[in-house]
Amino acid sequence: MVLKNRIGNLFSLTSFGESHGPAIGGVVDGMPAGVRIDLDQVNQELARRRPGQGGISSSRKETDEVEILSGIMDGVTLGTPIGFIIRNRDQRPEDYDHLKDVFRPSHADFTYQAKYGIRDHRGGGRASARETVSRVVAGALAKQALLQLGISISAQAATVVDELPHGDTIGGVVLCAIKGVDPGIGEPVFGKLSSQLAEAMMSIPAAKGFEIGLGFDFVNHLGSEVLDKWVFQDGKITTETNYSGGIQGGISNGNDICFKVAFKPVATLMQPVEGIDSQGNVVAIEPRGRHDACVVPRAIPVVEAMAAIVVLDNVLLARTSRL
Amino acid sequence: MVLKNRIGNLFSLTSFGESHGPAIGGVVDGMPAGVRIDLDQVNQELARRRPGQGGISSSRKETDEVEILSGIMDGVTLGTPIGFIIRNRDQRPEDYDHLKDVFRPSHADFTYQAKYGIRDHRGGGRASARETVSRVVAGALAKQALLQLGISISAQAATVVDELPHGDTIGGVVLCAIKGVDPGIGEPVFGKLSSQLAEAMMSIPAAKGFEIGLGFDFVNHLGSEVLDKWVFQDGKITTETNYSGGIQGGISNGNDICFKVAFKPVATLMQPVEGIDSQGNVVAIEPRGRHDACVVPRAIPVVEAMAAIVVLDNVLLARTSRL
Amino acid sequence: MVLKNRIGNLFSLTSFGESHGPAIGGVVDGMPAGVRIDLDQVNQELARRRPGQGGISSSRKETDEVEILSGIMDGVTLGTPIGFIIRNRDQRPEDYDHLKDVFRPSHADFTYQAKYGIRDHRGGGRASARETVSRVVAGALAKQALLQLGISISAQAATVVDELPHGDTIGGVVLCAIKGVDPGIGEPVFGKLSSQLAEAMMSIPAAKGFEIGLGFDFVNHLGSEVLDKWVFQDGKITTETNYSGGIQGGISNGNDICFKVAFKPVATLMQPVEGIDSQGNVVAIEPRGRHDACVVPRAIPVVEAMAAIVVLDNVLLARTSRL
Amino acid sequence: MVLKNRIGNLFSLTSFGESHGPAIGGVVDGMPAGVRIDLDQVNQELARRRPGQGGISSSRKETDEVEILSGIMDGVTLGTPIGFIIRNRDQRPEDYDHLKDVFRPSHADFTYQAKYGIRDHRGGGRASARETVSRVVAGALAKQALLQLGISISAQAATVVDELPHGDTIGGVVLCAIKGVDPGIGEPVFGKLSSQLAEAMMSIPAAKGFEIGLGFDFVNHLGSEVLDKWVFQDGKITTETNYSGGIQGGISNGNDICFKVAFKPVATLMQPVEGIDSQGNVVAIEPRGRHDACVVPRAIPVVEAMAAIVVLDNVLLARTSRL
C-alpha cells in the first residue's frame, strides 16, 4: 500500500527529507514488539549504501549514522513507532546555485516544478537518491525481524563492470533472492506479492524495469517448457524448477523468491549537457557536484531493504488469513 | 494503494468473485460526480476481453453483460460508489471435479490452499483470470472520465502470432501508451506513477515483467545516449526523445507514458501434465475445460483498464498538490 | 480506517447503493477463511433492521433478503472477498418527485448537492438510512466470526417509549456492550479502540453523540471516585468497577466494552415543514412517503453491526502486535 | 483514516515518540505546496499546550521547541513531507522506577503490557499525553494552510474551575467551533465529517465523549423543535438555527461546525492509590512525578489541532468530488 510518502500496510515506512536539508528520516510503524535490534547492523547497511562502493560511486562523504528516537528500549522493539533521523552532513548547497532556474535532462526538476509549482533545487531535493537512506534504515530493521523468522534476503549485480566510460555513465541489473518464506504469503488479485515487489522496486530512483522468475524471457518459451513441476521433498511439497520465481497466483509457494530490477544510467554526466529554463531557453550545464557513474553498487542494499519491507509486511498480513 | 482486494487511493476498485460462483463484481469508489457514462462502451470493453479473441482464446461462452447497481442516475455519475455485477453463465463446475484434491503445476492451487487452508477448486476460483472482468468494468468507467479530460489509453500486442503450437501455449508482451497526461501527475518516492503502474500491471494474472520507457534495454546504453533532451515546442516544454517513457522522478512530464508488460505462457495445456496431491503423490491430469492458448489478446483490454484506474486516481490526487 | 465508502483495515466493508436504485450491497474483504456462516442468521439480523420494529417505524415493506455472490463455499468462508446485494423492492420513486428541486430541513439534500453538484433525490438517495442494510450484512458476518472467538455484542434502547407524539418524531440513546474481548485489542494513539468505535457509531445516520464508559458523566466526578481498581479474579487481572468502559489508553482491558450512542429525532415529520429551493425560495413540503417516528429500534442492530466490524478488525490487527 | 500511528487521508500525521525517550516527532505528509509557514506560530501553539496552563497543570518543564527537518524551504512548503522533532528535556526516568512492575489504576500500563508483552514504563511511555506535542505541531501547520483558505478554529473550556480539589483531579468539557468551511466538505456514509471528528477527538488521551451540535441533548426534544430551517441570507442558503452543528448527512452545510469533547479526571492522583503487579498482588503507589490536576487547559490546543488536521484533509478530499 502506497499513500504519498508511505509504503506498507501493517509494517510501514513513512519517510521524509531533502538531499540538502537538515536531515533525512522516517517513521517505521507496525514493527512487532519483542524484536532484538542490533544498531550496528543498521549502520553497516547504511555503510553499504554509502558513496564509494566499487570505485564507480560519488565521492560525497556521507558518514551516515542513524539516530533512533523512539520505539526501541534496551535494544528491544516496543511495538510502538520507530522514529529515526540521519543528519545531512558535508552539504554544499552552493554547488547547485546554477541549477536554480534550469531543468536538467532526464531529471525530476521539471516534473517537480510542474507538480508543486516550487522545488528544492539543491541536489535534487526530495528527488535525490539520498532519500534512500530512510529505506535502508527501515529495511535493516525489517531484516532483523525477518531473520528471527528464518527469512533472509540477498541481492547482487547481474554483471560486473571493470572499466568505466570516462565522463559517461552506465545502468545495470540487480538480482535478488529471498529465502525462507513459507508458502501462503502474499495477497491475491491486486496485492500479489509480485505486484507489491514490483511497486517497491520501481519506486527506487532510476529503476526502469522489473521481472519475477523468468520474466520477459517467458516470451521465448512454450508453456510446456516452463511448467514448475511439483515434487515431494524433505516431507514437503515444492517445485523442481523455479521459473515462477517462488510466487504463483501472487502467493509464495515456499521456493526462493527471485526477481530482477533494471536501472537506467545515471542522468548526471561528468560532461556538459543541455538543459532548459522555464522560459524555454536552452541552457548549457557544466558538470559539477559529486555523482555516481553507475547506480547499481549502491542500489543493492536498497533493493534488499525494499524487499525486506514488503516481505515483513506480508508475513504479518498472512497471520490474518484464517480464523 | 492496495489493501487486499482493493486498488486505488481516491479512485478505487474493490473487487469480488470466484470463476464459478454466482457472479463477479465490484465497487468503484471515488468516481467524480458529473461524468456522462455510456454503458454500451463498458459492454464493448467487456466484449474485447471475452474468450474468442484472435482465434487463440478459450471457447467458454462469456456473454458478459454488466449490471450497474448504483452511483449512476440518468447516465451521469452521482459521486457515490458504483456497485456492479456480472453474472457467471455457462458454468460447468463439474469440469473441475477431478482437480478438487490436486495441485496443478504453475497454478495457484497450492498457494491458495497454503494461505487459506481451503480453496474453491472450480476453474481456479478467485485465482481465475475471470476476475479481470471487474477490472475491465472499472477501467471502462475510468476511461470515460479520462476521455473527458483529454486522456486516452491504447494497448497492443508487441508481436503477432500466426500459428499456434498444437496443444501447447505461448506468452507475449503487451505495449501500452497513455496520451494527454499533463505534467505533474504522480507522487514522488514510493508512489511514483511508474511504480503504481508496475504494481497494477503485475497484478494481472500471468504478468511476469514490467518496464517503463526503454526499460531493461537501458542497460545496453551509455547515459549520454539516452538523455531526453528538453525542447520548447508549441509553446510548451517537452522532450525530444522519450526514453524515460513520459515519467521522470515518478511524475509525468507531459510526453506519452509508454510501458510494456510480459505475460507467461498459459499454464493450462491441452496435453497431459503432472500434478501433485496434498499427500505428495504425483497425479496425472488430463486436459479438460476451455482455455486460452495465449493470454495476450484478452490481456490487452485488461492492461488498458488497469492503466485507466491508476491514471484517473493520480489525476485526482494531483489536484491536492498545491494550496 | 475510513476511505470514502470503506470502513475497516484488515476486515473491511466497502458499501454501495441508493435508496431507490436497483440494489444496496457491498464487499466484505478480509474475512478470515474457515468461518462457518449461517445465512439464516444474516437474514434474521436484516429482519431486526426492517421497518415495523416496535410500532414506531416506517411501513415501507423491506422484505430484505441478502444474496451472497462470492467468498463462501458450502457454508464456509474462503478468505476471499464476500460480495453481496440486497435488491430494493417496493420502490416508489414517484413519492419523491416533489422533492427534486427542494432541500428539506435537517436533511442531506443541500449538502449532497453542494458537494457533488448533482444528487439522487429519491428517498434521500445514498443519504438514506436504507444504506445501513449493507452494514447489517457485514456486521452479521463479523458477529459469526466473533462468536467463534468467544465475543458477543448486544445493544438496547436506553429508554422505552410508550406513546408517540402524533405527527412528530423523537430521538433516543442506544447502549451497547461487547463481552469476551481479550486484553490487548486496539491501537494506541490515533487508532484507539474507543476512537474507532466513535467513528463507526457517528457514521450511522442521525447519530449525534458517543460516549465510552462514564462518558460525559465523568465531568461530575473527582478522579478519586472513578478510578477502576485492579483486582485479581479467577486467575486473571481485571477491574472491580468499569468506569473506563473496558478500554484504557485505547486498548481493551478484558472487561466489558460499554458505550452509548445518541440519535437525533427523525428529520422527516408527518406534518408540513418548510424547505428551500436552489433559488432561495421557501417551499412548503407536505408529508409523504413512509418514515420512522424514532430511529432507535432500527438503529440497535446497526450499532451492533458497526461494533462487530470494528472489533473483528482489531482482533485481527492485534495478531501482529508481537513477533 | 487511521492506520496505527497515522491519521488522515491526503493530509496526514504519522507520529512517534515515548514520553521519556530522546524525542517526540512525526511526519506531516500531504501538506499542499506553497503555504507560507510562520514557525513562531507553531511554537506558540506548543506553548499553549505546555504544563503550567491555568495553574492546574503539571510543573514538568517542557520548553518545547520544534525542529523542522524537511518540506519547508525559505518559509514556504514544498509539497514534500514535513519531518519534525521535539527533543524531550527535563526527563527524570528515575521518577518511574517504582512503576516498572506495577499497573496503575485507570492507566494504560496493563493494556500496553497485554498488547505488546513489553512496555516503556517511564512516564507512561507512548501512552503519555506528551505524545500530543506531535499533534499540536501538525495542527499548527494545518491551521496556517486553513487560515489562507479562510477557515479558523477555536476551542475553549465549557466551564471555568476556580478552586481545585487538594490532591484530587477533575475532568471537563471542551467546546470547539470551526468557522469558514464551505458547504460540501466531508464524505458520506462512513467518512462523515462528524464521524472523522469523533474519531480524531476520541483519540486524545482521556477523551471519553463526543457530541456534534445538540448531541445527547437531542434526546430531550421533539423533531419539530430541532429542525434547522433554511434561510436565504447574503446571497446564499444557510440555516437559521444550528442544532445540527454545521453538518448534515456527514457533509458541511456552511454554518459553523460545533462540537464538544468530554475528558475524564486525570488518573494520576497526588494521593496514595492501589495498583497491581503482574502476579496479581495489590501494590500501594505513592504519589510522585509531575502531573496535571485537570487535562482541560492543555487539551484545548490539542482539540484545535486535531480539528485542523481533519478539516484540511477533508478540504483537500473535496476537490475530487466532481470531474
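The chains carry the letters A, B, C and D, assigned in the order they are written, with residues numbered from 1 in each.
Simple rule for what comes next: a residue touches a chain if its C-beta (ideal position, glycine included) is under 8 Å from a C-beta of that chain, and two chains touch if they have at least 3 such contacts.
Computed from a predicted structure; not experimentally measured.
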- line: Two candidates, A-D and B-D; the one with more touching C-beta pairs is A-D
Query: Between subunit C and subunit D, what's the gap in Å when you average each chain's C-alpha atoms?
result: 25
- prompt: Could you state the distance in Å from the CA-based centre of subunit B to that of subunit D?
  reply: 42
- request: Report the inter-chain centroid distance for subunit A and subunit D in whole angstrom, where each centroid is the mean of the CA atoms.
  value: 35
Statement: Multi-chain contacts in subunit C, i.e. residues touching at least two other chains, fall at 3-6, 9-10, 15, 30, 33-34, 79-80, 115-117, 126, 188, 321-322
Message: What's the contact topology between the chains, one of line, ring, star, complete, other?
response: complete
- prompt: For subunit C, which residues are in contact with subunit A within the complex?
  reply: 10, 30, 32-35, 77, 79-80, 145, 148-149, 188, 316-317, 319-323
Field: For the subunit D and subunit C complex, residues of the former touching the latter
entry: 1-7, 9, 15, 103, 105-108, 110-112, 114-117, 126-127, 131, 165, 168-173, 182-192, 194-203, 205, 207-216, 218-219, 221-224, 226-232, 237, 239, 243-245, 247-254, 262-267, 269, 271, 273-276, 278, 280-282, 318, 321-322
Interface residues, subunit C side, partner subunit B - complex: 3-6, 9-10, 12, 14-18, 21-27, 29-30, 33-34, 67-71, 73, 76, 78-83, 85, 115-120, 125-126
